[in-house]
Each structure stands twice: as C-alpha cells, then as structure tokens.
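A, B, C and D are the chain letters, set down in written order, and residue numbers restart from 1 in every chain.
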Amino acid sequence: MPYSKEQMAQRAAAEIPEGAIVNLGIGLPTLVADYLPAGHAWLHSENGLLGMGPFPYEGDEDPQLINAGKQTVTVLPGGSTFDSSQSFAMIRGGHVDLAFLGAMQVSAHGDLANWAVPGGKVMGVGGAMDLASGCRRVVAMMQHSTKDGEHKLVARCDYPLTAARVVARVITELGVFDPTPEGAFRVVELAPGVTREQVAAVTGAPLL
Amino acid sequence: MTASSTPAPSASGPSGPSGPPGLGRHRHKVVSSVTEALADLRDGMTIMVGGFGLTGNAEALIRGVVERGVRDLTLVSNNAGNLGKGLAQWLHAGIIRKVVCSYIGNNDDLHTRMASGEVKVEITPQGTLAERMRAAGAGIPAFFTPTGVGTVIAEGKEVREFDGRTYLMERALSADVALIRARKADQFGNLRFWRTARNFSPVMATEARLTIVGADELVDNGAIDPDDVHLPGIYVHRIVHVAEHENPFEYRTTRKRG
Amino acid sequence: MTASSTPAPSASGPSGPSGPPGLGRHRHKVVSSVTEALADLRDGMTIMVGGFGLTGNAEALIRGVVERGVRDLTLVSNNAGNLGKGLAQWLHAGIIRKVVCSYIGNNDDLHTRMASGEVKVEITPQGTLAERMRAAGAGIPAFFTPTGVGTVIAEGKEVREFDGRTYLMERALSADVALIRARKADQFGNLRFWRTARNFSPVMATEARLTIVGADELVDNGAIDPDDVHLPGIYVHRIVHVAEHENPFEYRTTRKRG
Amino acid sequence: MPYSKEQMAQRAAAEIPEGAIVNLGIGLPTLVADYLPAGHAWLHSENGLLGMGPFPYEGDEDPQLINAGKQTVTVLPGGSTFDSSQSFAMIRGGHVDLAFLGAMQVSAHGDLANWAVPGGKVMGVGGAMDLASGCRRVVAMMQHSTKDGEHKLVARCDYPLTAARVVARVITELGVFDPTPEGAFRVVELAPGVTREQVAAVTGAPLL
C-alpha cells in the first residue's frame, strides 16, 4: 500500500539526524515538521529565520513573523532573525544541512525541476535554485507520477531545471529512491506491499 | 588662515530638501511627512521596496508613491504585492514598467499585466537577488555563484569553473531609491527591525542612492545601544515616522491551545 | 513503516567529541574545557583568529593552542599579535609556518621571523581580507574589487573592466578552524559581541569548517532575543566558557576630566 | 610661515561639510578630530565603529573600544558597532564620504603611496588601499618634502602605490594642492607668507 502524504512526511523526518539544520520547502515538505521531536533539529526559513517553531496559538499570530510560505509561525528559544542576504549566505555557503523540496521531475542523475511547467504560468523561482544548489543534502518529495500518469522520475528532465545533479534522495508514495551517477534510481526501500515491478512500470529510468 | 571653501560636491547622490548633494548628506534626515520624504522621486526611476510578500512593507511609503504621481518605474522587490495589497497598488495604478523579482506565485495582478505586455518581468533567484544588492552596496561589480548553473537563469551569462565546480557570473544590482520599513529609527537613521519584517530592507538600503525609511518609532540618538543597531545610519537618508499600519496577514495559520 | 537508516554523513565537516561528522553538528556544542574545545586541531591546519590587534582576542584559546602542541600552522588574522602578547605567543612557540594578515606595524616578533625566513607572510588589504572570508562563507568562489588595482597586490591576479572601471579578481579564503571570542553565547551558539571586539570574529565564523568560541558569558537558549543575535549559531560548533581575561590595552589614550 | 601640524589639521577640518562621514587615518589625520565642532560630522573607524567620540576620561578606558590605531576611544550617541566585513563594505561601497590619509608620495595625477618604503621594513597595508580606493573623496596630509629634502609631491611615485588616481587634494605645511588629470598640482592656497616659487622649488611636478 503506497504511503499517505503523512507517511511520506514521517519517512522524510527519519532522514534528519539530531542537530541538523533543515529547510522545508513549500507544500508537502512543510508537513515534515509535524514528525520532528522537540529539539531534534533546527528549522531554517529563507525569509530570515532560524529556529522556527510551530504555528502560533490562536490570538498570538504576528503578521511580521512568517515562514517562506508566508504563513504565521513562531520562533523557538535559541532562534534568530536576520536579513535576506545573511539568510541566503547560510544556504549558498553550505551551512544548511538538509533541504526537503517539492519536485515536478527528478532525473536519475539527480537533476531537479520544481519551478516551472513548460508553457504554464510563470510562478517565479523564489529560493528554490539557491536551496537546491547550496544545501548540503537535497531530498525531493513528490508523487511518483502526474495525475495523467506521466513519469516524474525520469531519465532526463524536460521541464525547466532548478539545478543539475543535486538531488540525493527522492521520497514518493511508492518508496525511497536515490539518483546515481550512472543515471539509474537505486531502490532504497519500498512502501509496504509495493513491488519493484510496480515501481519500474511508473519510472522513466532504470532501477538499481 | 582661512578655509577657501568646502569641497565641491561629488557627482553622486541625489539632492533633497534636507541637505546639499554630495558629501554632507548625513544631517537633518527626519522629515515630517511622507510627501516630503518622497519629494525626490522622478518618473523612470528604479525603486527597491523591502518586504517579503506583505510582511515588512513600508505601507505608507508605498501608498505615497501612488499619490506622488511618478510613473514608468522599475520595481525591484522579492514579490510585487499579493492579494491586491502592498505593491499591487502600483500595479493597479499602472505606474510600473518593469518588475525584477524572485517570485510571483498567485499574484494575479501581476500575472494579468505580464500577459498583456503592460509590465515586463525579470525573474532572479531570491538568493542571487539579495547577493546582487549586497555586492552593489559593498562596491563589488560582479561575483560568481553556483545558483542557476544549467538553468534558464544562466542564459547569456558568463560561466566559469573554480576548483572543479561550475559557476555563473552575476552583476551587482543597485537602485535610485529604496523604500523600507523599520521598527525603530534614531535621528541619524540607525535602524532596528522586528522579526521577519527585516528580510530585504537592510541590504536594499546599502545600495540605493537614496534610502527612505518609514519608521514605526522614532527615538533620539543614543536610545539604541551601539551594539544593537541592525543597520547603521550611514545607509539611511530620509526618515519619516509612520504611526499607523495595516500589517495584513497573508496566510494566518494557527494551532489550537491544548 | 520504519526508517531504514539516517543518511550517510557528508564528506565535509570535522568530527569531534560532541557529535558525529557531517549533517548533525548542531547539538551539544558546549564543552567544559579549552583542551576539549581544541581537541580536533591538527598539525598543518589553517587557523583564523579573530581580533584587531589585541582587542577581541580569544585569549584562552590562543594559549590553549600552544599547550595543545600543534605546529606548522597557517595563521590568518588581521595582525599577528603585538607587544609580545596575543598571537605573538604562537610566534614565540615557533608553531607558525605562514601568516596571512593585513598589518604588521611594530610587531617585532613577526618582523624578526620574517627576516630569518622562519615565517612566510602574505599581506592582504584589510577589506579584501574580510571580503574574501565573507565570500567563502557565502559560497562565492571569487569576486571583483577595485582595491589593489595598480599595486603589488594585483600581481598575478586577473584584472577586468566593468562599466569603465578596472577591478581585480580576488578568491574566497577559508580555514580549517576559526578561534573567536564572544561576550555572550547561548547553548546553540548564538553570539553577541562587545563594541569593537567584534571585528573579524563573525565573518571568520562563517567560513571556517570548525568554529570554536571562547565566551565571556554562557546563557540558556532564549536568553538572547532573536532580533539581538549578532551571529546565528549555525556558524558555531564548539563553545567554552572563559571567565578570566587579561584584556590588555595596546594604546591607552585618555583625556583629562575638565 | 608654513603651517604647523595643528594648523594643517585645522585646515583639513575645514574640508569637512556638515553631515559628512569621515575616516581619519593614523598619524597626522588623527589630529583633525580636534578641530571638528561637536555634531558636525560622523567619524568612521575601519575596525568596526561609526560615531567615534574623543578619548575616554581617565578611568573610563575600555580595552575593547578602540580606533583603527588601537587607541582607546568612546562612542557617541547615534554611534554603532559592526564587524569588519560590514565596516569595509561601507568603505568599499562608497559610503564613507571623506578619507584623510597620511602619505609618503602623491603624484600630480593623484596616485597615492603611503604604505611601504622601497627596501624598508614591510609594515603591511592595513586598510589603506581600501580607504584610498573606496572613499568618495581622498585628502592626503603630509610634509611637503622628506627630512633629506626629497620631493614627496612628484610627477610619478617611485614608492609602492596604495592606489592610482585617487587623491583629490593634498594638504602640506606649505599649502593646499590638487592633483589634476593633466599631471600638474593646482595651487588652491598657500600658507601665509609662502610663495609659489618656494613651493615650485620643492615640488617634483608642475604647478597650475
């Protein structure tokens, strides 16, 4: 049975060693925070916050304390605020250990496409390219196929790239897969009851 | 012995109501109205505006620019308003020719004007945007970054390898004017910001030829300890006290008390 | 569902007594002695040391390095001690192979060893030194600056024109270890500095693979307001509380009360 | 009668418009501060201080509050402290209006040599190159000739350069002189009783 979104988030949380600095992208990655024990890791938000806490209690919302998704959040003891150039210096300088990013396509070499659909509305790239190029380890979280059944784990991305050869690991509802220099996805684990054959049928690149 | 004259003013630096152009810009920075603060704005200027989405916006200054009546502006800002608020007012007023930003998202005011060709949009990665500003403020005309290598961002840019990794060369980005909001300002323009309202404001202030601050609170020099200054007043040229703020929420997310 | 394993540690980042190498370095940073703080130092390392002259020196850590017994060090510091104090102790102990600095002045300990060939010295303009560190910490391998154009500093460096002005290309500068002093540290390593003791310490912390802090005062997380952090703990790896300081004066200048 | 050092400092102070940001180099330029009315200008010290005040009263010295000459100083209301990269970003980014620097040689084109004597002890360059290249206006303060009677205002510097074509004005004991693109010193004013001929005799480049 494939992972639910919550199980994907829980599985992603297990990737995070104690004492890591972690940036969670917008969307699915945001759920990862719900599965982190208190004090386990430090959440970085690229709009200028390290030590991000959970959503505020009702009535405590501060419109000037938000995450990169513009949601109201809190700051934990030991947290700090800083400007955008400092925040991206952290990201681009390799000081953020792990980024969990949503993805439209990931290639078997680790190329990431997550910011634009060919011919679609231009949404802008935000901090995605900086996070993908700068963080020490990038984990993509995505559905294994599009709603129309097209492959999203592919031999080569045909969507505009976010960054080349940066994704270390992909978490989908079918399991966990690592891009490799050989251009194949290594099967790290499968969701309960999911078979290699099922995965191979919906993956646009060889499995290892 | 008498001094012949004070030195001729240098070519750089805009003039203003509060001092001569050139070398002696750091006096009498506090003005009494938004109108006065924005007196030096002109058509066709490049204006940077701090804020991340609707957080940290200099709301009164943004409104004031519409009232000032300047147009054909190039706007540099991480976003360009959202939900019809903030910089969306400039889009509604039709005074923007071009936007340099990192993210549009569901800013339909901008999508519509991009589609019609009324407004040109240049997308820059958020970190590259901040770093280009920081470079301009620090006298660096160009630098190398891995962000954008192998993507459309690299088109037309110089690519170069250092120690086995490939980088793009990015150029500094400066503006005629920066409009920013601070939580607290002293008379010299030393600033403090609040939480994530800080975002792009300090770095924009470092590279604009004229930095105008809307300050929630105005205090005397000395009221901010020297070690507690977020942005030194050397980067600030006009200050106006703004007592009222909308402070809109973009996505109000909470948890239940439990 | 069970997690298969935590990810393999990345290649970068030194190991240490307080955590595994790699991605999870930000826990248990506070150690109980200078000896423990310096346990990862090795012969031949490049070590940056904060301070401007004798101000802002991490005195206990500087002494500790001599006691640790490492040698063949490359020292990066604005000065390299003075008046026989501070980093002059490393010169006396003969553990430095090379110094990268901006200023020697009347540091006779260094002049003697330069003349004898015992220590190589590389002079870098002070602003270029700081900017090379900042670049390394921010992931920038190279940048352009006008400082040094047309001087001996330009020898062997790429020269390039932007918008009619000539610039040098300077490379990022990083170190194995940074030794710095802070006025206050919390358990995560958020730091505050005092007055001009700040100088190079924050920027060195951003680019060293291992940043070790001697803190005058150690407080709980939360004791420093998020807006009051000078250097976020993301840049800090070991913290030791140092209660006693010499704080020498280099030039004690005063005026009479009148 | 040539200017005394104090008169040179006083004359230099008259170069400073109200509301300027000023960096005073080590040595002679340090004296300029004595002739600035309170609140007239803001003094920047490249070790990380803006709004530098006078020396502290006896007993108030703080070894952690110094100027770039490592002398104990004070900080005025409205002052701020910051790190070296921020301090030099101010200098290199053109935010410091005026620098007064000591000089060994200045050429008639405005080249500055102030950090090394050929064959002499290497003292290091400190912040001199950054100040000379970055500040919006550079004023050199120097004796007109060496103790041995050699020219210091020259057609071309033979000492190692600090920066090329940066000096806007030179103040010596004989008067005030501006380097020009034509490679001659324009006489701005002469010390009382000093003649053009006297100056020409001790200047290694034409006068305008």
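The working rule: contacts are C-beta pairs under 8 Å (C-beta built on N, C-alpha and C of every residue); 3 or more make two chains touch, one makes a residue touch a chain.
Small disclaimer: the values here were computed from a predicted structure and weren't measured.
Enquirer: Which is the least count of steps on a path of touching chains running from chain A to chain D?
Expert: Contact-graph shortest path, chain A to chain D, evaluates to 2.
Enquirer: So if I look at the partners of chain A and the partners of chain B, which chains show up in both lists?
Expert: Of all the chains present, those in contact with both chain A and chain B are C.
Enquirer: How many angstrom between the C-alpha centroids of chain C and chain A?
Expert: Measuring from centre to centre gives 33 Å for this pair.
Enquirer: Between chain C and chain D, what is the separation of their C-alpha centroids in Å?
Expert: Each chain reduced to its C-alpha mean, chain C and chain D end up 30 Å apart.
Enquirer: Can you list the chain A residues in contact with two or more other chains?
Expert: 49, 75, 81-82, 88-89, 92, 134, in rising order.
Enquirer: If you look at chain B, which of its residues touch at least two other chains?
Expert: 131, 134, 138-140, 145-146, 193-195, 198, 226-227, 230
Enquirer: If each chain is a node and each touching pair an edge, is that a line, ring, star, complete or other?
Expert: other
Enquirer: Show which residues of chain A lie in contact with chain B when the two form their complex.
Expert: Residue list for chain A touching chain B: 45-49, 54-66, 68-73, 75, 81-85, 87-89, 91-92, 111, 121-130, 133-134, 160-164.
Enquirer: Flag every residue of chain C that touches chain B in the complex, lowest number first.
Expert: Answer in residue numbers: 131, 135, 138-146, 162-163, 165, 167, 171, 192-195, 198, 226-228, 230.
Enquirer: Can you list the chain D residues touching chain B in their complex?
Expert: Residue positions touching the partner: 3, 7, 10-11, 14-21, 41-42, 44, 49-51, 75-82, 86, 88-90, 92-98, 134, 136-137, 168-169, 176, 188-189, 191-192.
Enquirer: If we count contacts the way the header does, which residues on chain B are in touch with chain D in the complex?
Expert: 1, 3-4, 6-7, 10, 12, 19-20, 22-28, 134, 136-140, 186-188, 190, 206-207, 220-222, 224, 226-227, 229, 232-235
Enquirer: Spell out the part of chain C that touches chain D in their complex, as residue ranges.
Expert: Chain C reaches chain D through residues 52-56, 78, 82, 101-105, 111, 114, 121, 123-131, 133-134, 145-153, 193-203, 230, 247-257.
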